[in-house]
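These are the structures, in structure tokens.
There are two complexes below, and they share chain A, which is joined by chain B in the first and by chain C in the second.
What follows is the complex of A and B.
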């Protein structure tokens, strides 16, 4: 494929959704039927073009940056451009594909909504932001689109803004991720100060001496890594900034599917993968920082997995499972297994979208989010969603032959080979917990046969095709990665004997134990719910490790008094000073206006006097 | 030779065509306008074709170089937009409308000449050609007595200013023994000039330029003239007429500054006074046209400041800002004209609720006002940044600080209009504001241009750099 064609295709992919957004906003805000088709057409174009782009990735080393200078001049040179390499092209494809399926699904899910044109406009904007972020060749451009992704999520989570809970959740998502973005900004400044460039290519090729230059105790690479991880913790919901993600369930379910699979949370992991070269350029302290990142991610995975056990809202179960799976990805990338981490992102995109969309089908039919309510309404009689829930659960639990099996084992295998035994043990505990809470949903659902009333349950016509396609993805995306995608990345193959087989057997065994236990507790009901016995732990989990609670306390103890103080200063001093300046300006203006008297003689005098004064000043001085 | 003088010849032809048309008694003004529109487009094309001409003509009195040719193109584009948007001439009596277009071309021809003058006498003649045409245009409005008063005042003050300029010219002639710029520079180089003759002469000539630019304290005519003239004429004054003054002044300043360093300081102080005066007095205005008059006084101050930065980037900065200035003022007056359809003389309060009445016009107005105030990422910001940084490179840090403070102050009254347009409630009965297709598309094109030149200034800036303006301006 010629370079020019490649650039054109990429631009089409990225720009098609924003064109839909503009068209809908300008012309079709009231014509819902047209708006949804415009939106779907845009994202389908992206999907088609990005699929074609995949054929252009033929060699492992394929890497191309096109950039135009943007801001002028001096030594600071920001550019905008495209970065085309296997990583960005694969990511672009996932976003476009999941985006297409989610929008198709939304045709049914949003059919009764009075503002659906706006919904489709926003979702197009969201996809555009994410794709723009994906192909950004430098930190600065990434940052711009990163914030646009945040804006898109804010608009969509708060889409039903008449519900106070949705508005609060949207605000929370925006503010919490913004906290992390401070880290991103700091990382840009540090990298720029240290390297003089924020181009990924330039940064990766940067001299080691520049990266390891000391900057307030630590070196440049370490500070950049820490700053970037803060941003990742915000967007990809890692400890301690993950609190916004479960609340983001207030948005329409297709949005949750998009956020959890391909866009918002994937952005953080992608950013980390994009900057994983930092692991190799920095000094000892940078390596330690990345170990710390992996440790925090592991902690996140376990904490959120545990919370998922006690959730009764089907979407919240999956939300916490997303946080924990993101933890796995970050553990992988943090310990150097970038390709394995991205592989898990790839497969997770399919099965998590599948899980959310099937959950959405249940919610749409039963009008309730609670697992028990859905079960009582006879949710298990919904054929297609039930199959897709099952397929997604198998993938999430990581059972052969589903996609999650391959990707999770790739990470575990890496941990074993690289001797990260503590992480490995923790990850296996995570696997146990994951399979336990995932199948809890299924067993609760099928243990109820419905209350006999024949609820009118049906699955929307537009919901079925995306579910079926994603089911295929949940089954085969792992194989697709292994057979096709993997070879595009230049990774050195390490000979490690039976590691793959060992981790596969052990992790499958652990997962099966989790499922068996879940079956005993929730289906057969022959063992008591462990949460009944451990009341204390259950309470802690229901309170989500008191994380939100402590944030609340922190805000009340520090932030609110601080704002009160600032408010007083503002009213007392700043406002007074500004008012003074305003009055002074007005007085000056009044004085000046006197010159405009309307008397021609005075005008003559003024002009001649001014000329004379200038002449005198120049000659005499 | 005709290809060298193509823009001037085209403007002259337009003048002659309109002259013969105006002899006929029963000619409709619509036809005259159409002819003007077509011919101004021809002039744009001619200026574009002649863009890369060079030469020194008429015994070194007239210089064709990339600087003059680019300014002619900008002026031609400005003329075209004025012909396109300056319509209808409601407050001008019907029988005089054809003559309005006649003066339109005579002023246009004068402005083209101003961009190329290389001789003080030619300079004087070109300035008078523009001035007399504009006096006539301002005086054409007959629906208010105040406007006649303001036209007469404008003429009187202008006459004094040009007398001062002419006297200054005679002093320069005495000092340099010649009238061409080249002769003056040569005499200065050899040190045979009597400074006691030269300096008053130069200052006096400059004062008549500053009058043209409405710089403080030579600005007094501007608010009255803008307010008293028909709005299309005010648009003409604010957009192209001022640019022509800038074109000629900058050429002379650039030639003389190596020999008269103090001139730089004087101009810097005048620049600051001009922008402060414009910005402060704009606070207190209620009439839209008066407000825009003071705004354009302030803008002239910014450009003056950019002129005295003789860094290598200074010509590009002045040129860039002139282009942006033209676009922004066209939008301002375009919206004012649209509002005039419903009211005689728009006040700031008549902008209230414009967003609800005509969203596109409100949007382009906002873009243009924000750009005038220098809000990034619009082109006004970038243009100002170029002007200020070229002044700062020359070491005028304090002047630049004052100029930036001025930009902040100006935001107040620009935002005042934006606030009225977006948050104000339209008074009494609110009705959609009709606008012609021409106005809508021009508003769209111009505001997109204002935004794009700010987001992607590089292509234009690179083009300006490639023209080698500094070399064109050198003696």
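What follows is the complex of A and C.
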């Protein structure tokens, strides 16, 4: 494929959704039927073009960049352009594909909504932002679209903004992720000042001496890494900034699927993968920083996995599982396994979208988010969603032959080979927890046979094709990656003896234990729920490790009182000082105005006194 | 084209308007309004022609005209625009036109209102194009003084107090500038008020520059609401009638920043260098302080007023840092903030006319009642918190990138204002536009077509310059680069 054609195809891929957005916003805000088709047409175009692009990748070294100065004339540093390499093309494809399926699904899910045209416009905008981010050839463009991704999530999470809870969740998502974005901004400042370039190619080729130049105790590369990780912690929901993600459930379920699978949270992991060259350019401190990133991610994976155990809202279970899986990806990338991390992102996109969309089908049918309610309403009788829930759960638990098995094992194998034994042990605990809470949902669901009432449960017509396609993805995306995608990333395949086999056996065994235990507790009910025994821990988990509580305190006990204090200072001192000057002038003037009494006697007296003084002065001299 | 004295024609538009209005009988309010609209529209058109015709490859002054004025003092009528001037003239024309449209709802003493309005605009145009220090100072005063009457007569909340405070503080600032002006005149080698002559041949000693620059920085800085001399500004915004708030925040404060740039940094580079850190600390302080204090405001206009303190702080921070990125960003920010606040005040005025309250908690769910005006306000709000794709982002980005070179720590202190800004802005957006409807909202109707052109037009500009910042930066950047050659 010629370069020009590739560029045209990329532009079509990225721009199609924004064209849909503009069209809907200008012309079809009231014509829902047209709006949804315009939107679907746009994203389908993207999916088709990105598939063709993926097809055209023929060599691992494939690399293409085009940039135009955007911010200032003739200034290539802050430009908008595109970077085509296997990493960006694979990501582009996932976004377009998942985006298409989610929009198709939304045809049914949003069919009764009075503002659905707006919904489709926003979701197109969201996809556009993510794609613009994906092809960014420099940190600057990444930041621009990164923020737009944030805007998209704000609009969609708060889509039902007449509900205060939705509006609050949207605001929380925006502000918490923006807190992380400060790190991004700082990273750009540091990298640009240190390297004179924020172009990925330029940065990767940057002189080692520039990267290791000392800066406030550490070096440029380390500060850049730390800044970027802050941003990743925001968007990809890592400790301590993950609190917004479970609340983001306030948005319509297709949005959750999109956020959790291919767009919002994937952005952070992708950014880290894109900047993983930092691991090789920096000094010792930079390597330690990346170890720290991996450690925080591991902690996140365990913490959030544990919280998922006690959630009763089906979407929240999956939300916490997303945080946990993102932790795995970041652990992979943080310890240098970029390809394994991206592979997990790839497979996770399919099975997590699947899980959310099947959850949405249950919610749409049973009108409740609670697992117990859905079970009582006879949710397990919904055929297609039930199968897809099963497929997604097997993939999430990482069982053969589902996709999660391959990708999770790729990370575990890397940890074993690179001797990160602590991470490996922690990751295996995570596997146990994951399979336990995942199958808890299923066992609770099938342990109830429904209350016998006829609930007229049905699955929307537009929901079935996406679910079926994603089921295929949950089954085969691991194989697709191994056979088709992996070789584009120029990795020299090294035989590690039996490492692959060992991790596969051990992790599968651990996952099966989790499932077995879950079965005993929630289906057969022969063991007591461990959470019944550990009341203290259960409470901590229900309080989500007091993270939301801490946010709340930070805002209400520190930030707002501080602004209140400043406002008092403003009124009391800044304004007060001015008023004081004004009053002082008035008082002085009032004092002098007493002299202007209009009484002749007083004037005469003053005159005499003044004359006396003058005479006295003259005679003395 | 070249023979046309474009800048003088632009300046003449409001003057012709004022003269015509004197001839219109008092009770013909409609005629008064349409006359004002016509001159504003012509000025807008001419400014657009000027902006399009501006040679982007050339960093020097363009459209220059010079005529004798006061030969005894070596002061001439000398006008011309460079990268900053061109952008600010365009801004003034935009705010003038949208301000006139917004003012169509004025009912009380209409003729006097529009006369003062046009006098104010004349002063601003004159200040932006003048290349003679004395003439500049006169236009500068013409721009400032009508504010007293406009706020005192047509204002609202606490208007006498606000008008008095504003006028006194700005006059105090003018006093400092005038002192600097006189000192420059009598200490320079050329005895001229001409900008070029002074800039090239004034030969002021470094000591002299170190004395005069702070006068200029504080004098003009007061008008730009530099922290901690900002307190007149939120009170003034709140008390002023809608279109006057638009002019006030939209262009008058820019006049202060422009003064610091042209008659401060350009004229006294050594002084500017000496005082750089002090200026930067004040500016960065304002950026953070304004954003934090804004979080406590319950009145929409006060909230915007303090956000302006923060945003103008950014302008001053960029100027203080004095690198080509930072100054480009500062000039860009003058424009973006001008459009943004004009839109803010225009929208708030629209709500206030209907519901007679600006209390944030009195509103709710406006986005469903009045979607168009809500979208406009929301766009301005998002631009204010530096969202890419809107006009605020390119400016803030350039300022921070440019300033980091000189003041890394201060920059990193100022950057969190992005989060502080998001905090108060999203809170207000949620209260006012989303959520359940509150008591006052049922009365709010959406924009009419005519009133809509102003608000939607401003919102469209925010998007346009956000997506294509080069429309502005192509004009600004050569100037900023030449400044620091």
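Following the convention adopted for this analysis, the second predicted complex is superposed on the first by the 562 of 621 C-alpha atoms of A that agree within 3 Å, B and C clash if a C-alpha of one lies under 4 Å from a C-alpha of the other, contacts with A are read in each partner's own complex, and residues count from 1 in each chain.
The working rule: a residue touches a chain if its C-beta (ideal position, glycine included) is under 8 Å from a C-beta of that chain, and two chains touch if they have at least 3 such contacts.
Bear in mind that the values here come from a model prediction, so they are computed numbers and not experimental data.
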item: Which of chain B and chain C A:193 touches, first, second, both or neither; value: second
item: Chain B versus chain C as contact partner of A:595, first or second or both or neither; value: first
item: Touched partner set for A:563, first chain B, second chain C, both or neither; value: second
item: Contacts of A:586 with chain B and chain C, given as first, second, both or neither; value: first
item: Chain B versus chain C as contact partner of A:114, first or second or both or neither; value: neither
item: First (chain B), second (chain C), both or neither touched by A:168; value: second
item: Partner contacting more residues of chain A (chain B vs chain C); value: C
item: Which of chain B and chain C A:158 touches, first, second, both or neither; value: second
item: Chain B versus chain C as contact partner of A:4, first or second or both or neither; value: neither
item: Shared contact residues on chain A - chain B and chain C; value: 69-70, 72
item: Chain B partner contacts - residues on chain A that touch it in the complex; value: 68-70, 72, 585-586, 588-590, 592-593, 595-596, 598, 600, 603-604, 606-608, 610-611, 614-615, 617-619, 621
item: Chain A-touching residues of chain B, taken from the complex the two chains share; value: 153, 156-157, 160-161, 164, 195-196, 199-200, 203-204, 207, 211, 217-218, 220-221, 223-224, 260, 262-263, 266, 270, 277, 280-281, 283-284, 382, 409, 412, 456-458, 461
item: Residues of chain C touching chain A in the complex; value: 56, 165, 168-169, 228, 230-232, 235, 289, 292-293, 295-297, 325, 328, 365, 367-368, 382, 387-389, 393-394, 397-398, 400-401, 404-405, 408, 411-412, 415-416, 418-419, 422-423, 426-427, 430, 434-436, 469-470, 473-474, 477-478
item: Chain A residues within the chain C interface of the complex; value: 69-73, 75, 78, 143-145, 147-148, 151, 154, 158, 161-162, 164, 167-168, 171, 174-175, 178-179, 181-182, 185-186, 188-189, 192-193, 559-560, 562-564, 566-567, 570, 574-575, 578, 582
